[in-house]
Amino acid sequence: MTDLSGLIQSDAAADRVVPPAGFTVQLTLFSAGAMAFLAVFALALSLAAGRLAVHWGTELARSSTLRISAHAEQMDTQVAAALRVLETTPGVESARALDTTEQQALLEPWFGPGLPIDMLPVPRLIEILETGAGYDAPGLRLRLQGEVPGAVLDDHTRYRRPLVSAAAHLRVLGWLSILLISGTLAAMVTLAANAALAANSQVIGVLRLVGATDAYIARAFVRRFTLRAITGAAVGMMLGLAGIWLLPEGDTANDLLTGFALTGWHWGLPVLIPPLAGATAFLATRAAAARVLRGLA
Amino acid sequence: MTDLSGLIQSDAAADRVVPPAGFTVQLTLFSAGAMAFLAVFALALSLAAGRLAVHWGTELARSSTLRISAHAEQMDTQVAAALRVLETTPGVESARALDTTEQQALLEPWFGPGLPIDMLPVPRLIEILETGAGYDAPGLRLRLQGEVPGAVLDDHTRYRRPLVSAAAHLRVLGWLSILLISGTLAAMVTLAANAALAANSQVIGVLRLVGATDAYIARAFVRRFTLRAITGAAVGMMLGLAGIWLLPEGDTANDLLTGFALTGWHWGLPVLIPPLAGATAFLATRAAAARVLRGLA
Amino acid sequence: MNPTRGCGTTNRANGVKGRQTVIELENVAYSYGGGELLSDLSIKLAPGSFHFLTGPSGAGKSTFLKLCYAALLPTAGQVRLFGADARTMDRTAVALLRQRVGVVHQDCQFLDHLPLIENVALPLTVAGRNVAHEEANLKDLLQWVGLTNRASALPPELSGGERQRAALARAVIMAPDVVLADEPTGNIDWEMSQRLLQLLIELNRMGKTIMVATHDLSLIRAAKTQVQARVLRIKNRRLQLAGADL
Amino acid sequence: MNPTRGCGTTNRANGVKGRQTVIELENVAYSYGGGELLSDLSIKLAPGSFHFLTGPSGAGKSTFLKLCYAALLPTAGQVRLFGADARTMDRTAVALLRQRVGVVHQDCQFLDHLPLIENVALPLTVAGRNVAHEEANLKDLLQWVGLTNRASALPPELSGGERQRAALARAVIMAPDVVLADEPTGNIDWEMSQRLLQLLIELNRMGKTIMVATHDLSLIRAAKTQVQARVLRIKNRRLQLAGADL
């Protein structure tokens, strides 16, 4: 009965038949605005949490260390054996023994710069980079046990893994709240449209009396509400972006709030909110109008 | 003009003069419900973030390490000197040199269990516990430079500090969203009340015509809206609590989402939401009624 | 049957209020913003008087009545209602005034969610009176205006004439000191309007002050045979006493 | 001046439609849910006929008119409007029907946010006609019903009689084939109702079908001197042709 072309094509005369103002209009504007505002924050939260998860994830989750303790004479053999095992382990992208300088750098905090590393029974370290899918740690441990008895696999991701999962969960929470907010917006707009239609039952009666078709009446209401929702959402979005923009920007990528600002093309995402709000309002009002008009028949 | 006693005291006759149903009523119910639902989650988020911040904070933020490298013969003197310095440093709660076993445990991952620790030029470690306020790290470093040249201050909180601050920020975000949600609720209820009053201008006209005082009319509307807001908020709160209760409970205190569930007396906090929503609705409706009644005079 | 049985038993107008002027306009002018609609009106309505108000459509009859129950305040001059200056009354005072003045609006409005009988009883409800105690009066009154079998209908289910009758019943249920009726018979057939006129005449005989705006000259003629009614006419912004030309 | 100048220039009723019955009721009954309000009504309104409809308040006059413009569907029997069974019309067909039938409701309702002149032009607007082209007609019509100087007023600012006149103007602006008017003179003084009657008579002379529900017998008498008007009366749920007793 009502289509988008009718919505876009301006019909000043038809527009005037619906009372211009009123609290239902303010309600629509306000709910669309408030929901868009919240949606921007939820979006930023989701994106920031996602970035954080990725950041923490790539930083740590994909690297682990194999530590080989052995007598000096066996060391090289064992390292070579371990590298061979790792080469054939699915999920291991690359493996590489750290050289003396690197190990020295790692130990420096503990022993100071002058440590005679080759004099000490310091284990050799092999850095493992995982593929995205990761390797099967218990399986690798079993194989190493047989072939390189002195090897200890240390996926030091254990430490940050809960954080990564927390960030992931936060991201899920963000998306869930976006869903919730969209649902709330749709419900609000539907209720506001219903309230407006009910409040305007006299208008509908008059229009019917003088021969207006349902399509004509519905179009006038739908048009108004869709435009209102878009306007409200646009304002809310802008305020939301301003709010995010005003947040203090931190220097560490680690921080959630200071890393909360949108980055790069992510700034473009909130722009989708007003048209989505408009589409929601369009569908909600059209359904409400169809129902009310059927009811008043 | 309208007081709480009039609200509580039931007046069946006066109640009937306001139309019982309508979309503004559904709007009030729904916005109160949706906002209460969101508020429960925001509250849980805040509380969880707070717990996390405290957890991570107490675990790490208040401890740091002083590492002393020195020739074996000078070691004890330097350790004693360092402890003396620390004793007089404001913000340091306690300082204690780790014994051999503890240091061995710390180094074990690197060198395996059999490390002859007293044979090696391993530095000695002093664990510092800060007071809540913390000490002035650069100042301490300066003093140590003079008195204990081999000392290196390592506040290894650097590592988790961003996480703690992220949790703290998240908590702030949670409280901010509670504020935002309360504001939205107040605005929604005000708008819904205004819409209802405007939609019922005929009712108000009739009541005035037959001699109803403003107080009488306002009371009828305020009562209705306050009860609606309380009902809606109670339902929303219940749904929110159910949602939180349904979230998977994790085993690590570290995880944000699995640690999201309310704990102990925190379960009691959401119960405050409906009365607060009611109070908000009471004030919002009373203001709206006063304004509309003045306007229609 | 006594049509005014339904209108309460107290007879306040003949009581304490004595000979005090009920409604008094002194050099009153009114304008809705454009030019003056009413100019320099002066009139005193004595208690127990019966007035008709006529004049062409748009002359200002409804406006005049609204001045008489403080729905509008004069733009110039003074309106005194039961001795009090309308301009100095606060909104609570106006509300209490309305409990003493029964008004029939030209477009009869009701609470659409309440059945007719509760709408008629509404003045009792908002005055805090116990409606159950007045049920006999209420039923009598509905009987007189011929709405007994529509008592439980909702206002939108009433016919035009039924609404007008219900509005008149609502205006007199409190036995107010003054009844102001704006075209109360516009949609009502001749027989029924005679019946409504009877109700107003009975009230007038009880000492109530009555003012009826109408364009129905035959109604005025019928009334004049039974009570001493004065006919006011609004013409060219002024209030005139209509003469024998009716 | 010709009062119907404002009502368009096409004369459809005398054109293609020829002698087709405009409104036809066959054994129609109607009930709002309780007992039957109207029973076994049968009548044909020929194009160009003029009918009055009378009957006591609550008899069912407004209900009868609503059946004639498909606002209500009969609970029994058949209503044919321009040859089509009202029961088989979908809502778009009803809307298009309303563009050919001008209706004056008993409680005249308008779009309160639009000035009177736009309200009167509303049928043109919703039919997609260019209102600017019809401005001369519109102005003439407002002149005839005496609302020229209220053209830009909003409906809530109108007096009762002004609203009724505006409603009649709105009903005839499209020069509809049929005009159904429910108590169009309930709030209007004698002189003005003569003027409105004149408008309806002119339309009738142009071939339009007119039906006026009224309780104003003097209006009927005045009309009968000028046109061949039939008077229908609803009594005891039936439709009767009123005789010479008027």
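A, B, C and D label the chains in the order they appear, each numbered from 1.
Here is the rule we go by: a contact is a pair of C-beta atoms (placed from the backbone, for glycine too) under 8 Å apart; a residue touches a chain by one contact, two chains touch by 3 or more.
Predicted model, so just to flag it, every value in this text is computed and none were measured.
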Chain labels contacting chain A and also chain D
none
Compute the shortest path length in steps from chain C to chain D over the network of touching chains.
1
Chain centres computed over CA atoms; the one at greatest distance from chain B is chain D
State, to the nearest whole Å, the distance from the C-alpha centre of chain A to the C-alpha centre of chain C.
68
Expressed in whole Å, how far the mean CA point of chain A lies from that of chain B is 22
What whole-Å value do you get for the distance between chain B and chain C if each is reduced to the mean of its CA atoms?
62
Considering chain D alone, which of its residues make contact with at least two other chains?
none
Indicate which of the five shapes (line, ring, star, complete, other) describes how the chains touch one another.
ring
Pairwise chain contacts, counting only pairs that touch as defined
A-B, A-D, B-C, C-D
Under the stated contact criterion, what part of chain B meets chain C in this complex?
13-14, 16-17, 19-20, 202-203, 205-216, 293, 297
Partner chain A, residues of chain D touching it in the complex:
91-92, 95-99, 103, 105, 109-114, 118, 122-123, 125-127, 131, 170, 174
Contact footprint of chain C on chain D as seen in their complex:
32, 54-58, 61-62, 106-107, 146, 150, 157, 159-162, 165, 182-183, 186-192, 215, 217-218
Would you pull the chain B residues touching chain A in the complex into a rising list?
22-24, 26-27, 30-31, 34, 37-38, 41, 45, 67, 69, 107, 109-112, 114-115, 120-123, 152, 154, 162-163, 165-166, 169-170, 172-173, 177, 180, 184, 187-188, 191-192, 194-195, 198-199, 252, 254-258, 260
